[in-house]
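Each of the next two complexes has chain A plus one other chain: chain B in the first, chain C in the second.
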Partner chain A sequence: MWELIQSNRRKSLVLFISMGVTLLLLGYFFGSAYYPDGGGFIGIFFAFVIWGILSLISYFSGSKILLAVSGAKEVTKEVHPQLFNIVEEMKISASLPAMPKVYIINEAAPNAFATGIKPENSAVAVTAGLLARLNRDELQGVVAHEVSHIVNRDVMFMTFSGIMLGSIVLISEVFLRSLWLGGGRYSSKSSKSSGQGQMIIMIVAIVFAILAPILAQLLYFAISRKREYLADASAVRYTRYPEGLASALEKISDSSIDLKTANKVTAPMYIVNPLKPKGQKLTNLSSTHPPISERVRILRSMSGGANYVDYQNAFNKIKRSKSPIIPSSGLADQTPIGLKEASITPVALGLNKQTKRDTGDIMMKVNNYSFINCSCGLKIKIPPDYKKTELFCPRCGTKHSLI
Partner chain B sequence: MSGLIIVLVVVAVVVLFVISMYNSLIQLRNRVKNAWSQIDVQLKRRHDLIPNLLETVKGYMKHEREIMENITKYRSQAMDAGTVGEKAQAEGLLSGALGQLRVQVENYPDLKANQNFLALQEELTSTENKISFARQSYNDQVLFYNNKIQMFPSNIIAGMFKFLQEEFFQVEDAKEREVPKVSF
Partner chain C sequence: MNCPVCKEPLVVLELEQVEVDYCTSCAGVWLDSGELELILETDEDRNRLVNLFKEATDVNEKSYDCPICGKQMRKYEIGEKGKAVVDKCRKNHGIWFDKGELQKIVEFGSVNKENKIINLLKNMFWKSMPLAENKISLNIDGGNK
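What follows is the complex of A and B.
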């Protein structure tokens, strides 16, 4: 297990360095495009200042920002005991050093993500829509997937390379726009300082500014796709029940509701890409997640056991390829881990109306609403700012005391 | 003179080697202990939940006296158990009895609708999951530790300082299989 994290770290480092070099080159070319004499180093300096500031912000408050942007609220065990229990189960199974904080997002679309650069200080966030749709086993699969992102240091990798990517995009954008705006002034200056060499640098800089963000993005997406498979494999190892995650993924992808609070930057963090694909061809290359149907088929064809080797075999069978998805150190441990049986037979949640009602209830609970079950069968929802000490049931008129 | 230095260096290397091996054994043993305490916490939690569960169920299940008596009996046996092996056996019996109770719950629709019972049921399910996940990690740690004690050269140090092998937490397969999987 430890070796697996190490190899993940090494890969992150390679990617990180190559993105860093790109950033450095960007700074150099942009700087020299403006000031041929020593401007390159000023450019490098500025590129690193921007990157440094963004990195510091993300290191110290990245999780908080992400959770705030997605509208997640930290909850106590009383709000959703089952979710809390499942997170604790996965904490034990994955031997996390500390219990992750539990957040619920007030959204009807089913999805989930994890944050936390260090496993000691992590969080798992799920939407209310997810809680309303999934049964216990499915929820366990989703939480296991999220916890494995924390254990495999994917969150750390995503955060830092995401910031690097963001810096590259930002700097290129600024450069291209400044050309657009200050084009006239620039050409008058360049005619003075006469230079074909200057012209070449300029062209290189422009080409770089257009290509670098695209390449960096593709690289980022490719690796984030691979990590989704690895997180699926780890999730099966933790729960020993591939069907739970498989049917959860199906249910999540069946939903037609959009996740309003997700955007391009936070998309790779979620268990299923929250942004709806538009063109199928393009999404294969630029998608942050592998196609769900494929993930489900791989999980369903795991019949032998719950070890990494079993996932790799299933992967090879479905994809008809030999590309290693699990680092070799993960495959070295061949101790068979048996699969578990379903603890709960899947509950048919066909009733759309009921799902909507449950989603609403969970959202209200998160927002400190209290509930009273009236004897007439009506569930009365009381907002937290309701000050009176009694209320009457709107259907049958029974008086309820609120103390 | 140079002979003395060589002897000193060799002695120093040997001493350092022994120290590092001893420390790694201690570390492994502590991990086993830590993993065991994880299981222990969950087993205690289960023992604490059972009286509540029986209290809730009692009013509904009039005809299942025997199962409930068994649960009480195995619970106290499990709480008194000393060694890992004894404990594993008693807990296995307790799991079996709780499983039988779950089967019977199917016949009591009123009980299945009871909010209090559902909450207890969730806690119990979760606790049993936690026990099984913790058991896996405990057994992993025991395997590492026992391997280290048996393998050369650490077995010499282990013998010198009396590091004893730890027991696996094994629930008898037959018992495990007896627990019927039932949905709620």
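What follows is the complex of A and C.
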């Protein structure tokens, strides 16, 4: 297993270093655009410092920031025992050194992500919509996928390359804006001193400032796409039940609700890209995830076993290519792992609704809502910022006091 | 979440495991897209809802902003003669019913029995709707004395 991580690491490292080079080049050009004599190295230094500071912040509190930005709330075992139970199971079958923290995001859109640069200190976050829609097998598939991201150190790479992308975007923005603001003063100075050579460097810097963020984004997405297949393969290994993840992926992509808290940098963290228009089939350079339909087809065509070899075979069959997704060390382990039979019949929708309500109620309780059960059968849930001291039930007109 | 009309916090009402957001000041109702998805289980149900909505062209009503994304919502007519006008978020976050519109739709519901949303709103507000106003005003009077 360790070698598997190593190999995955090496591949991503190449992409990661390309991003780093882009960042340093960016610094070099900007530096020389301002100070032709040795300014390039000052530029590199500043680019490096900015990246370093951002990386340190993300290393120590990246998870916290990500969870806060997505509006995730940590929950205890009492809140959702089944989810906890599944995370525990997956922790054991993936041999994680510590139990990941469990977070619920109060959103109707079904999705999930994992954070944690070190497996010892990780977290799994799922939305309330996900809990409402999936049955146990499907939820297990999703949690297994997220746990594999932690085990395969995907979270670490996505965090650091995300930060690098952020630095590149930041530096380009600052440079382009400074040209806008200080352009007049600068150009008069340069025309006196150096002339044409300086002009060329300036143009190169501007072109680079425009291209670098795009290039970095493509690299970021390429890193991201590669890792989704491996996480799917590992998930099957942990659950021995590809159909669970397959139908979960389908359900997630079928939903037409948008995830309100997702943005460009956090999008690759989720199990299904929350930003792409639905129904998109083609893999293109700018997508963070492989197409769902393809991931589902690979999972469904797995037969015979839940090993990495079986996933690779299914992958080759569907993609009609032999590009290795699984590192050779993973394929070498051919100990047969049998597939599991479907354990439960899909949950009836009435129950499903109830699960969604229960999760919603939990989220509201966490957020300090108060509850009134009116005798007419209507449940009234009052937000903490509600100021009035009494209200009338809109169904039967009964007056309720709120103090 | 705040009322798009009077900006006061909305309370949540739950009946038969479906939630709507309700403004206690203006009695308007917000139906979230997540709830719509729960109510409308089949494609048939969804089509029925879509067929009910017609984009309103010449409506002079004030337009409101979606309580979720803050973008201006679009007006839609419901029913044959464009009796009720509702506001629907352009990004599909949900639908807003003003009090008057709600009443029209609930009345309309006796004609269009198969529509689940109308049935839900009817069940939630029908019993009280003509009465509620009386009752509330009575109660307020009582409080003043």
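In the analysis below, the second predicted complex is superposed on the first by the 341 of 403 C-alpha atoms of A that agree within 3 Å, B and C clash if a C-alpha of one lies under 4 Å from a C-alpha of the other, contacts with A are read in each partner's own complex, and residues count from 1 in each chain.
Assume contacts are C-beta pairs under 8 Å (C-beta built on N, C-alpha and C of every residue); 3 or more make two chains touch, one makes a residue touch a chain.
The structure presented is a predicted model; accordingly, all values stated were derived computationally and were not measured.
Contact with chain C, but none with chain B, is seen for A:Ala108 once the two complexes are overlaid on the shared chain.
By the touch criterion stated above, A:Val87 is placed in contact with neither chain B nor chain C.
Judged by the touch definition given at the top, the superposed model places A:Gly360 against chain C, while chain B stays out of reach. With both structures placed on the common chain, the touch criterion links A:Ala205 to neither chain B nor chain C. Look at A:Arg136: by the touch rule set out above, it reaches chain B but stays clear of chain C. Touch criterion met: A:Pro383 reaches chain C, while chain B stays clear of it. Put chain B and chain C next to each other and count what each touches on chain A; the higher total goes to C. By the touch criterion defined above, A:Asp258 reaches chain C but does not reach chain B. Within chain A, not a single residue is touched by chain B in the first complex and by chain C in the second.
Interface of chain C with chain A (complex): residues 1, 8-15, 17-19, 22, 24, 27, 32-35, 37-38, 41, 68-69, 91-93, 124-125, 127-128, 131-132, 135-136, 139. Interface residues of chain A facing chain C in the complex, by the touch rule stated above, are 108-109, 129, 132, 255-258, 260, 349-350, 353-354, 356-357, 360, 364, 369, 376-383, 385-388, 391-397, 399. Note for the complex: chain A touches chain B at residues 81-82, 85-86, 88-89, 92-93, 95, 136, 238, 337, 341-345. Every residue of chain B that touches chain A in the complex is listed here, in rising order: 38, 119, 122-123, 125-126, 129-130, 133-134, 136-137, 181, 183-184.
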